[in-house]
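Shared chain: chain A. Partners: chain B in the first complex, chain C in the second.
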Partner chain A sequence: MKQLATIVCICLNSFWVNGQKLITRTASIGFYSDAPLEKITATNRQGVCLLDIDNNTIEAAVLMRGFEFRKTLMQEHFNENYVESHRYPKAQFKGKISSGSPQWTTDGNYDVQLEGTLTIHGETRTVRLPASIRVNKGIVSAQAEFSINVDDYKIRIPALVADNINKNIRIDIHTGDLH
Partner chain B sequence: MAIAIGAGYILYEYRKLPADLTERKADFSMSAKKLAEEFHLNEALAEQNYTGKILEVSGPVKEINSEEYLMILGDSSYPVMISCALKPGGEKLILNEGTKANVVIRGVCTGYLLDVQLNNGVIINKN
Partner chain C sequence: MKTINAFLLILSLVLFPATNTILMAQDQISPIDELIDSIPQNEKISQAFYSTRVIQSQSVEMLHKGNFDVRILHRFGQVNNGIKEFFGLDDASMRMGLDFGITDNFTIGVGRSSFRKEYDLLLKLRPVQQQVGNKNIPFSLVLAGGAMIRTADEISLSGYKADAGDRLSYYGQLLLGRKFSNRFSLQLIQTLLHMNYVNDGIMDNTIYALGAGARLKLTKRLALTLDYNHNFSKAEDYYQPLGIGLDIETGGHVFQLHFSNALGMNERAYLADTTDDFWKGEIRFGFNLSRMFQTGRN
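What follows is the complex of A and B.
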């Protein structure tokens, strides 16, 4: 009987711990370059985001080849020349909620700061990102908007296309519902 | 004359839109389960073989995300799922929540991240 109780406790504990991790495989990540000669946008709809509401940590990753561009040539240049997707297939953020206190069981919008490391093109930088967390009918979602400078990630833009690509790229992330 | 032809070619390449995969021949055709198993068994080899290639896969619909135009193929017997980002505006009829069918999808393999991912996808057939 004692053994049975122990097993039940372990199972419940396991369920509880697992229950604190929320995930989506369909986060939308967009980026925007606004340069004098051209505006470039691309979106990836298959980002993965894992939120541990027990210890307020967050991890997100995306395949670089999964970004969809309006023009084929832009997509080819992005993958082959700039981010070198064959060498660095993933971009990744690992961090935690460093300020702000979302109430995971209370509906509302919560502004938070994320602090962690962002890895793009094989280069890792420490970043602080503003984000917003929404709890609606118990369902959690999150979004973030921030900019990066391509020089920080050793992404080289040839002088020939300097007026076509802004070195400061705006990034939008929408997780959708996390389960 | 040569300059004009060259400029025309550059302009054509610059303005070219992503290919409509309904008009393209797949590099590989297989069941979604076989693709899932290959990535599960040897991710590096599968990445090498399939990333950037046009794949035609057939399998059961596990999940549909109408908002993002995504379809997940697989069932409980699959080691990993196949996630396909469909070309927006393509196949509205099948993108109803609750649709459970076997489909054939053609898409470009972009690699593996929890799921095997395809994008620019089009639905070729459904049963």
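What follows is the complex of A and C.
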């Protein structure tokens, strides 16, 4: 019995070391370009997000082809000519909560800072971005809004459409409920 | 018993940290990748060609639902007419056309060419679209068909004056195309064309043609194109239409600049009314301009 207890203890311990993870596969990621000639919005509702509430680490990823545009031709051009989805199928964030200490078991809204790496179009940049974490009836969800400059990720916008696409793209992430 | 206990304890300590690290190592291959790979994907392959025409032939590309495509086509005179005719640019033949995507797989269109003052109608269907993912389909299959009517005066050498029925021709087309890579696309074109009346009977009324269209992308927005059709019932003094072009895609506009021996810009005209020999330098500069307008919401 004693050895069994030891084994169980060690097994449990291995789980605690790995940390408790909250997951969603239906995070919504939107992006907005506001240029003089055109406003462009696209949404992807199949973002995945993995939050480790013991280590305060967070990872999120999204398939570029999953972004839906109002103009279907624009969606094709986005994949084909701008983000080159055939070469770089996904965008990813890996990081940790660098400031702010959300109480995962206490209801409330917690403003935090995330620090990590953002990979888009095969280019990885270190980013710091503000996010807010909400615990409602014990269920955690997170939200972030930030801007990126497409030059940082080597996404080229031809001069001809410079007035149609803003180089600063606002990105909006809602994880929804994490389980 | 005590020794066995101790042994088991040590064994578990030795084994489980190992399992523990394996678990953690697996974690580092990243569960996020597993998560994202588990999203079901069926990616429909589009943009095999920038436009719905290769140069003169239909391409396997379709209009999206609700999109209007305004097409302004020009074919100039023969380049080998020299500087006096400004290499053919003094002379222009044109076709204005409007295509509309009823669904993503069904397009209709109308057009009018200045050559023989000919009107044309188009119905284009895509029953099969190339896709990758859970279900792989290696190619796209497109059916196109239409009718044309010439409205210019036509009096044959024998003095016969064509009536309305004589001026009609029809065609059916089967296109089989594949986007082999982001750079290279190739399609085969089979056409059956029927002309109600052929002036002085110089050509069969029904002709079959087999053709090919190809695109080689040079940059994201520039591509070389090739368009050839082989008319198996070609009459003497008629030639096979061949075009070599450069496509420029600017987001909404597509400019197709090309050199070709075909003056015609509809199926009858380029297949059965090409009287210039590409290989003798009887080549024309021309361009297709396509402008897309989106209506409604998708």
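The rule is short, and it goes like this: the second predicted complex is superposed on the first by the 168 of 179 C-alpha atoms of A that agree within 3 Å, B and C clash if a C-alpha of one lies under 4 Å from a C-alpha of the other, contacts with A are read in each partner's own complex, and residues count from 1 in each chain.
In this text, a contact is a pair of C-beta atoms (placed from the backbone, for glycine too) under 8 Å apart; a residue touches a chain by one contact, two chains touch by 3 or more.
As the structure is a computational prediction, the values presented were derived from the model and not from experiment.
Asker: Clash or fit: chain B against chain C, after overlaying the two structures on chain A?
Answerer: Aligned on chain A, chain B and chain C clash with each other.
Asker: Check the residue A:R45 against both partner chains and state whether it touches chain B (first), chain C (second), both, or neither.
Answerer: first
Asker: For A:G100, decide between first (touching chain B), second (touching chain C), both and neither.
Answerer: Neither chain B nor chain C is touched by A:G100.
Asker: Taking the superposition as given, does A:N164 touch the first partner, chain B, the second, chain C, both, or neither?
Answerer: It touches chain C, and chain B stays clear.
Asker: Scan A:A61 for contacts with chain B and chain C and give back first, second, both or neither.
Answerer: Both partners.
Asker: One more residue to check, A:S28. First (chain B), second (chain C), both or neither?
Answerer: first
Asker: For the overlaid complexes, name the partner, chain B or chain C, with more touching residues on chain A.
Answerer: Counting residues of chain A touched by each partner, the higher count goes to C.
Asker: Let me test your reading of the model: by the given contact rule, A:E80 touches which partner, first (chain B), second (chain C), both or neither?
Answerer: A:E80 sits against chain C, while chain B stays out of touch.
Asker: Would you check which partner chain A:K90 touches, where first means chain B only, second means chain C only, and both and neither mean what they say?
Answerer: Both: A:K90 reaches chain B and chain C.
Asker: Identify the partner contact of A:K71: answer first if only chain B is touched, second if only chain C is, both if each is, neither if none is.
Answerer: both
Asker: Pick from 7-15, 61-69 or 169-177: which stretch of chain C gets in the way of chain B?
Answerer: Clashing stretch: 61-69.
Asker: Kindly list the residues of chain A that each of chain B and chain C touches, one partner per complex.
Answerer: 25, 46, 48, 61-63, 65-66, 70-73, 90.
Asker: Any idea which chain B residues touch chain A in the complex?
Answerer: Going by the criterion above, the answer is residues 13-19, 47, 51-52, 65, 67-70, 72, 83, 85, 110-115, 117, 119-120.
Asker: Could you please specify the touching residues of chain A with respect to chain C in the complex?
Answerer: Listed in rising order, the residues are 2-3, 6-7, 10-11, 13-14, 17-18, 21, 23, 25, 46, 48, 50, 59-63, 65-66, 70-74, 76-77, 80-81, 86, 90, 92, 94, 158, 160-161, 164.
Asker: Would you tell me which residues of chain A are touching chain B in their complex?
Answerer: Touching chain B: residues 25-26, 28, 45-46, 48, 61-63, 65-66, 68-73, 75, 89-90, 176 of chain A.
Asker: If we count contacts the way the header does, which residues on chain C are in touch with chain A in the complex?
Answerer: For chain C paired with chain A, touching residues are 5, 8-9, 12-13, 16, 19-20, 23-24, 27, 30-33, 35-36, 38-39, 41, 43, 46-47, 64-65, 67, 104, 182, 220-221, 249-252, 292, 294, 297-298.
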